[in-house]
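Some notes on the structure that comes next.
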Amino acid sequence: MDIVSTLGLTNFVMQFSRISMYPFFDMAHYTLSIMKLKEQPGAVDVAHRSPIACWFSGMLCCFGGAILASVLLGEPPIEPFTNNRNIILASVIWYLIFYCPYDKFYKCCNFLPSKLFIAGMKEVTRARKIVAGVMDAHSRYRNGWLAVIAVGWAKGAGSGLIANFEQLVRGVWIPERNELLRMSYGTKVTLIGAVLFTFQQMNYLPITRHNLIFLYTMFVVSTKVAMVLFNIHHSPFAPMEVALYHMAFSWQCTSTESHFQTEASNTGETLGTQCSAPLDASPEESESIKRRRAKKAE
Amino acid sequence: MDIVSTLGLTNFVMQFSRISMYPFFDMAHYTLSIMKLKEQPGAVDVAHRSPIACWFSGMLCCFGGAILASVLLGEPPIEPFTNNRNIILASVIWYLIFYCPYDKFYKCCNFLPSKLFIAGMKEVTRARKIVAGVMDAHSRYRNGWLAVIAVGWAKGAGSGLIANFEQLVRGVWIPERNELLRMSYGTKVTLIGAVLFTFQQMNYLPITRHNLIFLYTMFVVSTKVAMVLFNIHHSPFAPMEVALYHMAFSWQCTSTESHFQTEASNTGETLGTQCSAPLDASPEESESIKRRRAKKAE
Amino acid sequence: MDIVSTLGLTNFVMQFSRISMYPFFDMAHYTLSIMKLKEQPGAVDVAHRSPIACWFSGMLCCFGGAILASVLLGEPPIEPFTNNRNIILASVIWYLIFYCPYDKFYKCCNFLPSKLFIAGMKEVTRARKIVAGVMDAHSRYRNGWLAVIAVGWAKGAGSGLIANFEQLVRGVWIPERNELLRMSYGTKVTLIGAVLFTFQQMNYLPITRHNLIFLYTMFVVSTKVAMVLFNIHHSPFAPMEVALYHMAFSWQCTSTESHFQTEASNTGETLGTQCSAPLDASPEESESIKRRRAKKAE
């Protein structure tokens, strides 16, 4: 990559891609994952009714990616639990976040400057996990690029993808919501990363792995910090998504509409229904659309 | 098998059992699977809200059997996704069925003569899948005939058996309905096929594999075509099932009833309740029975 | 272990740890598991509507531990079904319990003296299963004691841990209840056993495996028999649990309360809420607490 070498960053980038994630970056990942768990409705109640269910739920949040990638590759899903060092670290953080007197630990971590710091560090682990997943899958399936992307994605964003089952451990079941139906920013950025690293691994991208890790990490860290700082909740990819969506899945509507206007045929209504509720509709809007439809159906 | 050789079909049967399923027969299977998906309530809405969830759901419909068989045999469930050729074919068909302008592709396929043709071709793939599953499982578990039947069944009718989880991807959850509680015709005929091919594989049936594939395929194709043509929805096995059910699971009732008539004992009611709602009751009937019971319970 | 050798029981204990579980002890396990299944609301109805779903559900109750342990270790979950001998035995018992005329078999087994006998025999299998799981996992993960405990626990109490999915087969879905949220006695005692056998396997306990199997089995058999005899439903570990719970997860409350009394600060209410509903609250109590909270929330 020219940018990196012209800036004289080659050495720095090499060293950056070799930093050990344990213990500090992993710690940030565990802290943020379990903080997010604590913010779920009912989680604190579960923590006091059944510490074991809460602990298992917390571990699924921390190691969900590794577990899901193991399942996809036909490896023992219990393997992440054989890494005592990381499990103990995650358990200590889980204990501090849920049971620390006066909720001190959670409040400290939730304080804006420290949250910014933790969120930034957590994002550093993302690229590493994706790369680990991509390399593992690529060593088995040389040409199965779809499987390689899937494993990279699962490793990087697994806790989101298995959220339904993590909730089930806590006695919560929300089938109408999952990460495929309404992707969060983290899941989206991990998918993009998985695609990039897979293409890099298959030599379709003119960039070394070290440089890609560095650039991708810079991008996700800065985006995440900006999102936490300015309290942004919508995805920064929204305009790109809308464009892509219209290009791939919605161009039929335009042709339909003109057809509809000229012919006013009977098929118009069916097609019109199919083209409503595009990807960029805000949740509230699409909810109200659904409610209206339900009323109609009655 | 005498019938085949006396009819001078030996050569034809050998060639028939070697026809490649790719691309035409596979195409028919993908088309029918995704058409069935599109007919599910809410599927078109999901296709427009989240193409990724819809695509994944479609792939589960197309490759559900291979995925379930992989899971049962402890192999990576991602393996079907390493077959780029088939995945791309299925994805193209998924795209055409869900997003083709004016719904042209779906309407063409749903036109009775083409639907008949597609349904017939799809059934040809069934025998092949069952045989593949049976042979794979038999090479590992020489004597575990139950496991061999299960893998053959899973490979042939997997998308039905995992329907609950396929629906979950689309945000739909209907726990009270599954293929084991109320089997569809496809699931039943696959189970019978899995039993037959397992017995053939274990040399309990005096017939060669080629002939069995041919005869089984003829049977399922003709039955399916007849069902589509005459719009039959009930299973052609119903009389056999009822007989089998009464022989195995309901003979107690007869003895109970005579007992009931002669003694009019207190145990009568309990036993009577157990013997009602036989397998051949229509869904509506058994629903009304349930409702009445629920009222009684109140 | 001194007790055993001083009592001159060494030989007896060695022989005891070598008794074959097949057929009598396994039979007791299958009988009790399927009797428990039959007592579930709706199970008898499913048995008459869909014998296949009922049979599969029964097999999940009998072999749930082996299946869950296989899944955790990345082995084929179908492996328990390759053991024809045990599957046929379990199927015969399933048939007798659900379809025996006049419900004779179930009534015989449910008669107090025979139930005592069966329950005692079933508990003998528990230790063996835990040991099998622990040894299998320990041979792969030398130092992963957490994974070893998990596999031992899964093997010994698997049917409880996968109960949600066993219910799904019967069309029942109760997400708010699972064995992690509210552990049954069997699950708890298996967890304790898994911890003990893991420590023994890792040479942290000054006792031979034979002796531990003997002592653990004596303990679980006598406790279970006492529970059946005197119709005890609460866990005999309750006092220990409460003490442990207060030591580990509730000491913050005490400090909070004193803090609350002296300062009457604003944070008091939040912390008070967190400390209510301790582990030893009876189900009814905690239900009423929940209901009251729900009302408040409205």
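Order as written gives the chain letters A, B and C; numbering starts at 1 within each chain.
The rule is short, and it goes like this: a residue touches a chain if its C-beta (ideal position, glycine included) is under 8 Å from a C-beta of that chain, and two chains touch if they have at least 3 such contacts.
Computed from a predicted structure; not experimentally measured.
If you lay the C-alpha trace of subunit A over that of subunit B, the rotation comes to 120 degrees, to the nearest 5. Taking shared numbers over all numbers used, the subunit A to subunit C interface scores under half, which places it in the different class.
Distance between subunit A and subunit C, defined via averaged C-alpha coordinates, is recorded as 35 Å. Counting only residues that touch two or more partner chains, subunit B has 74, 173.
Remark: subunit A residues 71-74, 137, 140-141, 143-147, 150-151, 164, 173, 175-178, 180-183, 245, 248-250, 252, 255-256, 259, 267, 270-271, 273-279, 286 touch subunit B in the complex. Here subunit C touches subunit B in the complex through residues 44-53, 56, 70, 74-79, 81-84, 87, 99-103, 168-173, going by the rule given at the top.
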